[in-house]
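Chain lettering (A, B, C and D) follows the sequence in which the chains are written, and residue indices restart at 1 in each chain.
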Amino acid sequence: MSKHRLESFSDGVFAIVITLLILNVHLDHQRELTLNVLGGLTPDIVAFVLSFIIVGVYWVSHHNMLHMIKMVDRRLLWLNLLLLLAIVFIPFPAGLLGQQLWNPIAVATYGINLMVVNALGTAMWLYAGSHSQLMVSGVSPAMVRFVARLHSTPILVYAVGILLAYWYIPVSMLLFAAVPAFFILPNPFLDRRLSRFDGAPQ
Amino acid sequence: MSKHRLESFSDGVFAIVITLLILNVHLDHQRELTLNVLGGLTPDIVAFVLSFIIVGVYWVSHHNMLHMIKMVDRRLLWLNLLLLLAIVFIPFPAGLLGQQLWNPIAVATYGINLMVVNALGTAMWLYAGSHSQLMVSGVSPAMVRFVARLHSTPILVYAVGILLAYWYIPVSMLLFAAVPAFFILPNPFLDRRLSRFDGAPQ
Amino acid sequence: MSKHRLESFSDGVFAIVITLLILNVHLDHQRELTLNVLGGLTPDIVAFVLSFIIVGVYWVSHHNMLHMIKMVDRRLLWLNLLLLLAIVFIPFPAGLLGQQLWNPIAVATYGINLMVVNALGTAMWLYAGSHSQLMVSGVSPAMVRFVARLHSTPILVYAVGILLAYWYIPVSMLLFAAVPAFFILPNPFLDRRLSRFDGAPQ
Amino acid sequence: MSKHRLESFSDGVFAIVITLLILNVHLDHQRELTLNVLGGLTPDIVAFVLSFIIVGVYWVSHHNMLHMIKMVDRRLLWLNLLLLLAIVFIPFPAGLLGQQLWNPIAVATYGINLMVVNALGTAMWLYAGSHSQLMVSGVSPAMVRFVARLHSTPILVYAVGILLAYWYIPVSMLLFAAVPAFFILPNPFLDRRLSRFDGAPQ
């Protein structure tokens, strides 16, 4: 399996998942559309926007990982497919979240899905990083550790978000949204750390 | 993120969105198909055709923009993803429009979605156009301004269309359809302006 | 618009359409699956298989057309998008056909969609064929005419199929199936004609 | 039809099928989500995960086959499209399986779909393998036979799984899961056999 074909296939899956998310936002055929009815779809739209952005961040991270990987062996191929499995799952809890944004179980299901994605992303990265024949040259062990931390830290944030859902759900949602914000918004901490490396993700 | 990978990913999303639109056109399983029932689907089909063509124009415009951009930085990447978010949203209001073509709120929701797409497209273009290191050489400031106007003018047309929906919806639909017609039909105004530039979109 | 990008985009749309067809085959959630119930899905499965193969033939024909085209201008781009519009529409009448295979209106809707696809394919080909700067060299006028006939003749077959649907639907289905069979099965008539040309589709 | 374009198209179809599988996992809009309700979705999730992994293995096998094929003629093209037809069908029985995991007819429908995929994969491979002008050089007849056995042996396993479904379904599921496990887990038998060949799939 060439890295290029794995990358195209993964990109295809990301593009389909990010687009399928909109199927969760819809109106029952019989209902007359009023401003009230439209307002009642706010949770669906919030869940859609949050999930779109989170999947977008995953896509960029995946790209950045593969940027530092030069070869794919059978194990890495299957770690990547497991990661895609968890990504493809997202539209299901995203739909639950949109339907029942006030329900801690929906929030927890969503958060657990994200935790699994980050755990599998970390595992895939650590596997590649510990097999130097798979990596492009110039990726230092410090870089490997730093990227692993970037992938694994959100697991903690999501876990806290899940626990807080049983207390006050808006805080959970803020925590869930904080993770992509950290990666998207201008971030001097991230930039300073990454600028020290060659072949750095951006 | 290379421009090439951003382009393939965006193309994938455009292809999926444009195809998913057909899922909005369907018949309840229990209903016997008669010419009357089929005729009753006319609004769904109108909304499908209009949306297909509008998304098609967006795809071509996106291509033309990227044709004049040579590099993608982190901000441009995220402006592009925000633009895709608004594109991916289209099947939802397109479905509303098909279900309730006579309902000004459906028309307004649809029009607002299109306005957001054009606003984000303009923002993305202005961001790229004001960072010369991201642009291919030979794109003059006049060209940047002209393309920005092409992207932003439809916002006004859609706004007028939305307002008129509270008076007489067919006029709104004509205005919505006029925008893609302007870009698709032979257009001496557009051709004359673009022919003055190098690397012009076509 | 480069030919290459148009081709990838079109291929993406074909791949999504051909896959979405399966969404028309499904069972109501509440029903217990028995052999009888499964047998009751035969029309859905017949419509799926027929449509999959017909879209497959369209994909191959589209590829063969583009094989003889070397450049895409604005009109050809939009003729191609119109053709894709008609292709993207197919899952809707294919779903109707699966639900009501015994209903001449469903058969007619399906057949008309196919006629439109072939008419637009013929139009796109004739447009390209009459602008020599768009064609690869070595495609003779005789070849252009022959391919135009290959694209347009099925329109007649589908029309006859539609008319016969009001008499006996199995004959219509046989006629609809005969068109892809002509292009897929070993076909000495086709092979002999095409072997006379350079750059021939295959 | 170049091998490259067939490969991209097939990859697109695989990516869409593997992602559409998640649409089978959903909750009725009216139901409040509780841990019980979530637990009631276990069969859907089992069917999703199993099918995702099986389609993943098919994708990797398809890639490995094409790796040893250098040219595509009309028959191979259509054998490949028939194989894709059977792949695209999978979400339907996968949905049945998720809805009625305790129902031998659902298990049998699912298993028969997989048998057809493997039969068509074997047929496609044997066709290519017996036309040396289609193969990359260095693929020995022994290699052709070995890969044919890899593709066809699961047919037997699935057949046994189907029969056992009428006795005790968990055994069927274990057999269905054993096939991908054989291809994914470290497998000295497979590695030893394949290492003897040049151009071996991996």
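The rule we apply is simple: contacts are C-beta pairs under 8 Å (C-beta built on N, C-alpha and C of every residue); 3 or more make two chains touch, one makes a residue touch a chain.
All values reported here derive from a predicted model rather than from experimental measurement.
Asker: If every step must land on a chain the current one touches, say how few steps get you from subunit A to subunit C.
Answerer: 2
Asker: I want to confirm something about subunit C and subunit D. Since they are copies of the same sequence, is their interface symmetric in residue numbering (over half shared, so same) or not (under half, so different)?
Answerer: different
Asker: So what angle, to the nearest 5 degrees, turns subunit A so that its CA atoms land on those of subunit B?
Answerer: To map subunit A onto subunit B, rotate by about 90 degrees.
Asker: What chain is the most remote from subunit C, judged by the mean position of CA atoms in each chain?
Answerer: Looking at centroid distances, A is the chain farthest away.
Asker: So the centre of each chain is just the mean of its C-alpha atoms; given that, what is the distance between subunit B and subunit C in Å?
Answerer: Centre separation, subunit B to subunit C: 27 Å.
Asker: Between subunit B and subunit D, what distance separates the C-alpha centroids? Give it in angstrom.
Answerer: A distance of 38 Å separates the two centres.
Asker: Considering subunit B alone, which of its residues make contact with at least two other chains?
Answerer: 8, 12, 16, 20, 23
Asker: Does the chain-touch network form a line, ring, star, complete graph or other?
Answerer: If you draw each chain as a dot and join those that touch, you get a single closed ring.
Asker: Which residues of subunit A touch subunit B in their complex?
Answerer: 7-8, 11-12, 14-16, 18-23, 25-27, 29, 32-35, 38, 48-49, 52-53, 56, 59-60, 63, 184, 202
Asker: State the interface residues of subunit C toward subunit B in the complex, per the touch definition above.
Answerer: Subunit C reaches subunit B through residues 1, 5, 8-9, 12-13, 16-17, 20, 23, 28, 73-74, 77-78, 81, 84-85, 88-89, 91-92, 95-96, 99-100, 103, 105-106, 109.
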